[in-house]
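Chain nomenclature is as follows: A, B and C, assigned in order of appearance, with residue numbering initiated at 1 for each chain independently.
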Amino acid sequence: MDLSFYIQLLLNGIVIGVIYALVAMGLSLIFGVLEIVNFAHGEFYMLGAMLAYFLTLNAGLGYWPTILMVTAVAVSLGFILYEALLVSLRGESFERSILLTLGLSMVLQNGAVFLFTTTPKMMVSSLSYSNIIAGELRLPLSRLFALALGLAAFGALYMILYHTRVGKAMRGVAQNRDAALMVGIDPRAVSRLAVAIGIGLSGLAGAALAPVYAVHPLMGFSFVFKAFAIIIIGGLGNISGAAIAAVGLGILESLAAGFLPLVMVDALAFISMIAILLLRPQGLFGRGVRV
Amino acid sequence: MTSGWLRALSVLLSVATLFAIPKLTGNEYVLALGVSFATFSVLSGGLNLVYGYTGLLSFAQVGFFGIGGYTAALLVMEQNWSLWAGVAAGGALAALVGLVIGYSSLRLSRHAFAIVSLSFALLCMIVARDWVSLTRGAMGIPGLPIPTMSLPAGMHWRFVQPSDFYYLLLSFAVVAHATIYLVVSSRLGRAMRAIKLNEALAQSQGINPLSYKLLAIALSALLAGIVGGLFVFYLTIVDPSIFDFYYTETMLIMVIIGGPGSFWGVLLSSAVLTVLPDLLRFTTDLRMVLYGAVLIVAMLLFPGGLGAWLQRRRVARWRRPRLVPR
Amino acid sequence: MTAPAALLEVRGLSKRYLGLTAVDHLSFEIEAGAVVGLIGPNGSGKSTSIDCISGFQPADGGQWFLDGHELTGLPPHRIARAGLTRTFQTVRAYEHLTLLENLCIAVQENDGVGWLQALRRSSPLRRSEAAALARGRDLLATVALTDYADAPAAILSYGQRKLLTIAASMMARPRLVVLDEPVAGVNPTMIRHIEQVIHKLNAEGVTLVIIEHNIDFIMSLCRRVIVLESGRKIADGPPGVIRNDPRVLAAYLGKTRAAELDHRHG
């Protein structure tokens, strides 16, 4: 096999890995700050994609305005989600949070199926047929933009978490909740923002991938479980760990798909996760084991 | 003590009525509902044992269900086993897998077990769909043969009519529930409750939580595996859709509405939730939206389920007359 | 007269948390039949040592033996079955179950009845359950909670709940019981009641180790007191001696205040 084949696979893997990272980091942030496992996380990814599809198709919005709009809506949904449902959970019961968010995911997923049917919709736009070609490598513009968006989101998240007061508060709570509370951090404000950011990232990922893959109501379902696997592999509550594990998984899946038949590429995430749980439960990068 | 006799009598009457239904109506729709009820009640009964009694949230039931189905189908189709041996093997394999998953992840925590159980169920779906050489892939294994049961005096019972499967699954459901009841009403069930209520306290009293958790998992897996084998032969086909998350969601709702840890509550809710949605002619999507809404409301308002509410009433009744003056 | 054999022997117990040494090579022995107090200021390692000895926390070093049998590293349920039980600072009980059910559970793993016998409801099981009920009623009488035998534990007051946990810890006829702050937050009448209960139980042959902050309670109840500070044993002897030990005073009051007192009493 020539080098360009590998590089193509690598490139594809990086793009999907960056998108995985957006979803996984959002999930990790929510878990780290609230100790809630958000089963409905994938549904917000799906809603972001659906909204992007409709905005492009029906409102005729261009790529960048669509992205901005969807992200804004997603962040607002995050605020609403926290205030309406999650604020009463307070991390007391793991099972309750799983079942509550599972219920939410059932409502959103099946509601979307009811309203839009399961037929996948392809988003056709000006981007659809533009590619960047370099030698034997091909990178569709839609994927390039998705990659750029992902990296921009990484940058923004990094700025928030490391250079703002509330971001540092979030990291503090994720690392050591009791200590952070003792220092006087307002858990409610921090939690609310964490959920808003987490859901916002998820929605953004959906909008970024909408032009790349088909959009349909069940797309969030498989995604979210991979996101779970990723955050466990990276280390529960460790946000940068989640990002690294996500990109790693994206690359691994891409390389495996290039060489193995499609069999079991999806299974890689879960097998890795089970292996990590049994061999190194704190994840590759550790945190302080909430598992 | 009359309440005990009354309850036993009403149970006996209900079971007798259920068995009489095919004689009263040949309506195939009713019989299909009966098979559905029998199957789902065993699945949710097992989940209740693991989650309701022992306090372990588990998503693995559907995995055991499907493993039972595929094992029975493969052994019958490819190895010429009889259905009964195949179904038993399916149950045994499911129980074994349950023990492995349980033992490896419970050493860490209940959280790890919940997550591993979820991935296990998803992995089953992926394997069924993608490992074509083993499971024949997305098309599944159609054309499962009609079972035959040899009876005394050289007779045979061929399961040709819908009522035959009705009797078969109902009989198994009775056996399954009797087994579950035997366990939960014994001191084993009492230990499981103790573990759910206050695990550290139970440990300090000599109770080994791991053994009881593994018992609950293995028993629920065994029953789910057997009913899975019977169910796929009723359908005459097994395919990856047997691992659908839909089964998990439905089981969870049955347990939550019936009340985690309430044997009769879950049995009753599985009957109601099998019959009612069909009567109301809800489409699957709307039904799931409703179930999701119920889950949300239940978790917000009644985290302990029906059982906790009943307990609060018991406590209130005791508090009313002041027995010891202060 | 030979010295009484040690029932509980702890050698070099150590436990560290995140760089902090909670228990530092602690060693002590408890003779059978004793009622020993374990005191020390906050953070001295009392609860941590008991958590380690009873199997709820892994120790970083040391060994401990009950009646010559090594308990080091065993899980909590094995240690309980070996004859060492404990209560918890957080006063654990099965809220939704009745008092008698609470007590019967506390002994069910100790009667040698196996799972199959339990499922078959065989006669060993029925005999054992009857015996457990009888013992439960006895213990409820000792702690004066008989009226609530069939009431859910949730209705008990804080002090009554503590009595229940003490009764539960005795159900399986343990050799040694550790009571973790049995009178914290309890009114004086109840404190006296608990003290009487402890005397009665000790008279039946149970060895007791009592962790407490209530110094007066310990001094009046215990014939021997062990004092911990920063994870180490700083004093060990009869209450009269301990009360005047300058190191103990220093540990509780701080060195300057202790010196002040010392100076004043000349």
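Going forward, contacts are C-beta pairs under 8 Å (C-beta built on N, C-alpha and C of every residue); 3 or more make two chains touch, one makes a residue touch a chain.
Here the structure is a predicted model, which means the values were calculated and not measured.
Think of each touching pair as a link: the shortest run of links from chain A to chain C has 2 of them. Using CA-based centroids throughout, the chain positioned farthest away from chain C is A. With centres taken as mean Cα positions, chain C sits 50 Å from chain A.
Averaged Cα coordinates give chain A a centre that lies 33 Å from the centre of chain B. Between the Cα centres of chain B and chain C there is a gap of 42 Å. Residues 51, 57, 104-105, 108-112, 114-116, 118-120, 122-123, 126-127, 130-132, 245, 249, 252, 256, 283-286, 288-289, 291-296, 298-300, 303 of chain B are the ones touching chain A in the complex. Here chain A touches chain B in the complex through residues 85, 88, 93-96, 98-100, 102-111, 113-114, 221, 225, 228-229, 232, 262-264, 266-267, 270-271, 273-274, 277-278, 281, 290-291, going by the rule given at the top. The residues of chain C lying in touch with chain B in their complex are 54-56, 75-78, 80-81, 85-86, 88, 92-97, 101, 104-110, 113, 115, 118-119, 121, 125, 129, 147-148, 151-152, 154-155, 168-169, 171-172. Residues of chain B that touch chain C in their complex: 182-183, 186-188, 190-191, 193-194, 197-198, 200-209, 215, 308, 311, 314-315, 318-319, 323-324.
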